[in-house]
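What follows is a pair of complexes built around chain A, which joins chain B in one and chain C in the other.
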Partner chain A sequence: MDLPALCMSVISDHLKANYKHMEEKIKAVVYDSLKQIAPETAPEQLGLDENIREALNIDSFDALQFIVALSEKLNIEIPEKDYGQTATMRNLMAYLKKKKQV
Partner chain B sequence: MLSPNLNDYDALYSSFNWEEESKLLEGLPGGKGLNIAHEAVDRHANSHLKDTVAIRVIRKNKMLDDYTYSSLKTETSKFANVLSSLGIQKGEGVFTLLGRVPELYISALGALKYQAVFCPLFSVFGPEPVFQRLSKGEAKVLVTTKAFFENKIKQLLDRLPSLKLVLLVDINEDISEKILSYSKWMEQVSGKFQISPTAAEDPALLHFTSGTTGMPKGALHVHKAVYTHYVTGKYVLDFHEGDVFWCTADPGWVTGTSYGIIAPLVNGVTSIVDEEEFDAMRWYGLLESQKISVWYTAPTAIRRLMRVDLNPKETYNLKNLRLVLSVGEPLHAEAVVWGQKAFGAPVLDNWWQTETGGIMIANYRSLKVKPGSMGKPLPGVAAGIADVEGDKIKIISSPEVQGHLVLRKDLPSMFRTYLHEEARYQKCFRGEWYLTGDLAKIDADGYFWFVGRADDIIKTSGHMVGPFEVESTLMKHPAVAEAAVIGKPEPSIGELVKAFVVLKDGYEDSNDMKMEITGFARKEMGPAVAPKEIEFVENLPKTRSGKILRRLLKARELGLPEGDLSTLETN
Partner chain C sequence: MIEFKMPSLGADMEDGTLVEWRKKPGDLINRGDIIADVDTQKGLIEIEVFEEGIIERLLLEEGVKVPVGTLMAVLRPLDGETEDKDTSSVISPEEPEIREEAAVKPSIEKEERRVKITPLAKRIAQENKVDFSVIEGTGPEGAIVKKDIEKTMAGSAVPSKEVVRPDEQAKAASPTIKKELRTPSTKAIRTAVAAAMSKSNREIPHYFLEKKINMSNAMSWLKEINSHRPVQKRLLAAALLIKSVAASLDEVPDLNGVWEDELVIKNEINIGFVVSLRAGGIVVPSLKNADLKSVDEIMEWLNDVIPRARSFNLRSSELSDSTVTISSLGEGGADKVFGIIYPPQVAIIGFGNIIEEPVAQDGMIGIHPMLFVTLSGDHRATDGMIGSRFLTALNKHLQTPEKLGRV
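Let's look at the complex of A and B:
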């Protein structure tokens, strides 16, 4: 491998690792926020396509607190309009990653 | 626009007569009495409305489950026949613990046909509130899902000797002689059922509500309540033939039964049910796609919609929407005015409670709306403000004076007792007057204004929570020595349940402990009842006789003057 290509590959690996790191960080914030609201549950065990509110027995007030906590901790704005995109771990993570430009 | 059914409030109020109005109901054929399910379903199934959609359930995935009046008649008849084949007796309790799925509506109306007493339980309740209600209500049959059964009911069976049968809506074969498959039993029976003679005063519906002291009480309503369902549907919800109505309340609460099941059907309109929970964009989408004409929702939802940065009238086609109504807690003036801008019609607030069975005080299309007021009494309802002192009651005649909101008790939908608690029931009355427990005042124009609760009951998201039941459950946690629970004002849900907890010696008031107790409370009671906030304190303020002074805790929480503390024990 020539030098520029090697550099590119190192940078790309580094970025990938960074993305990975960022994704893990977001996930940790999500789990922690859920745990604060529903401490008796195990959010880490949520299936990717499970409805978070139903699975963890979270009512609409709690759901609102959860979103507010996420937007504060991740420093992003999540308008009420977008709440429908946060129902499952898959959708929520995709949404947050897009917002954080990960 | 269609002209309102009630076009001259004063004229109708002075001429109104319940018996006259109820002549528009049919009664059981052959003069055999009055049955809610006949008025709601069978009557229309035998009329030109037979192919009209009675109930449309929008499933979570947005698939539609439609029941015409005719098919609803068949399904509810089947359910009545299932109860019969299972040996259930007239007057016995049929309970549901279900989300907003078709089986809930079929069970409710089928049970009424059979003259069982129907009681819906809120599916978000944890095992403890569910146990309290099944036990006090002496449930004989429970219709639920496999998951709810596994998570909430199974552990209670030993403590529920009266519970004879459990019907699970999502299994195909019976599990045991007691745990049965709903669908299997529904397939085996006939779709024809003749309603037996039903007296207007026969028990029909049981709704649990919270008290300040003691466990939840079961308010029992009779078939005659259908008068109120019909009249309020006609004059407050302003139902016209062809209307599509959406009541967003869950049948686990009285609004979701009186107006999410009965009133629209009695009035022969189409009732929309959404299985999913609140989501602003989904809701706007449904208002448009289902061409909703009359919409009955709650302040909590309206405040959430107000947060969405869009103009609904411009973004969605809401040309069918004629009327938006709200109940559950007082609707603030801003929300009423917002409705005018958002929907082209003010949001009409109204007031009633579990015990009254139907809307009692309301704003009407034809009456000038004073934003923030609950409106004026329904024609046929006498409401007043009173001074209540022990056994004595004095109706206050001058305007703008705060007092107890009271209603003349001779109303078709008024509860007839608290099940097995006659003394508690009697305590709600002074002579001809029913004490609602709310404080209010009347202005010079006769409009009623809500002031607050006269007791410690917490109103959260439009639901009543009794502090005593929450405190008792918290005390079951090994670390908790004492607990006092209040409603802390919160802008989006009215009040949130807040607990002050004194820990036993040897337990540390850490954040981990807070989470531990929160988790315990949620597991026992579910999120609708469990405290949203816990504060550890060294001790609780009490009277000399040892009664916890919740009002003082609340005053402190709000930074208000603490009032008369002469009975306070000094710590």
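Let's look at the complex of A and C:
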């Protein structure tokens, strides 16, 4: 086995072992980013199917800052056509987990 | 002699409190240098000077509240005018101090290169003599933000409190006062907005126009551009809308100006962009020479100015001299906004929601993203005809976004 492949398999094993841990980490990044934009809100209390922007009163500019924060902190690409998949906590978590291949 | 007076940062500003002089007599002032921090209803504002000279005298003590237009300092111009003999003797004793400052600066700059820190956080750190090189940042990419500095200050303040002597305590208290001044209360902002809007409603006979604009071309253009860009470089519709307003005002200049017992049309197109605050209230930073800026430059301006407006960290020049205002609600909110003109301006443009609607075109019905645009005009300055021409020009420009994007 060459080195990159070995690395990949080690990483993938590691990720599998830390499935729960990773999900919690992503959730923490999401809450943290929302907190930074809307400090007076409690994003942890968001319902799974609640519209995040409406519930926390986030405008177009801050919505873009939120996407920037997520892509930088989680080191992923979020194309504009995928913005629709980030509207609720349920959709967003599913989308981010898919992106991080958890 | 150059007279430096308490500037007006909008029709709603009546007075300001000098919080701190940033310069002392004998200091050289370059164009754009910050001379003082002034507390207004809009928060603590850095006041810039747009003339060059050497400070002759500071006429106001820190902590004093004075009306707009009060003489604050006298500057000696650099070219000639040496009639005041005393000045040379004033400068010479200061010279060693100036040299000392110059010697200190490079080391500070060296430090800056190693540590990632926001300008606001850096300033608070420097003001309070906090060594930020040892602080771990919690901002984007580990940058040190205001919160980190405040946390450090709060942490260090507790144990030191027990040992400080009374006079030191007084000294230590002043940064705290300044910090409180930096963020104006919701009530102060409310009062400022109330004053400007009451004046507007009392004095300006408004007329209101509305146009629905098909945004198909504009949205496809934005989508296409953004699909090739990393998220940090993506454009918001607002950037294109600001550009289209600037281009339309170029064609219909009567709406770009101020009312001073008659319409005074301005050459520069400086667009005030309403930024709403989460706790209520608004701040209106001004985009200077908007017609000369590209859509990318306008987006960069928005990225820079909106967070600073929300954290009350704008300079005096960024809040003054607007010749027209845009109020943009963004997507997802109310469909239309009918603005109240910010005096002494003569127009405000309101951008509402963009929603998909069935549109009849050439005998066919299609679904298109539609934008609701309104114009509130000062009827003393212009008539509905002018306003209508402006909205027509705006529609025309938004149908060819690639042309707006080219400039």
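A few points about this structure:
Keep in mind that, in the parts below, the second predicted complex is superposed on the first by the 85 of 102 C-alpha atoms of A that agree within 3 Å, B and C clash if a C-alpha of one lies under 4 Å from a C-alpha of the other, contacts with A are read in each partner's own complex, and residues count from 1 in each chain.
In this text, a contact is a pair of C-beta atoms (placed from the backbone, for glycine too) under 8 Å apart; a residue touches a chain by one contact, two chains touch by 3 or more.
Just so it is clear, the model here is predicted, and its values are computed rather than measured.
Per the definitions stated earlier, placing chain B and chain C onto a shared chain A by superposition produces a clash between them.
In the superposition on chain A, A:I67 makes contact with chain C only, not with chain B. Within the superposed three-chain model, A:D13 lies out of touch with both chain B and chain C [touch as defined at top].
In the superposed model, A:G84 lies in contact with chain B only, and not with chain C. Shared-chain residue A:E44: touches no atom of chain B or chain C. In the overlay built on the shared chain, the residue A:R53 is in contact with chain B and with chain C. Once the two complexes are overlaid on chain A, the chain A residues touched by chain B in the first and by chain C in the second are 38-40, 53, 57, 59-61, 64, 79-81. Chain C contributes residues 140-141, 223, 226-227, 230-232, 234, 236-238, 276, 278-279, 302, 306-307, 330-333 to its touches with chain A in the complex. Per the touch definition, chain B reaches chain A in the complex via residues 60, 124, 277-282, 300, 304, 307-310, 461, 492-493, 496, 515-516, 518-520, 522-523, 526-528, 532. Note for the complex: chain A touches chain C at residues 38-40, 53-54, 57, 59-61, 64-65, 67-69, 71-73, 77-81. Residue ranges of chain A in contact with chain B, taken from their complex: 35-36, 38-41, 51, 53, 57-62, 64, 79-81, 83-84.
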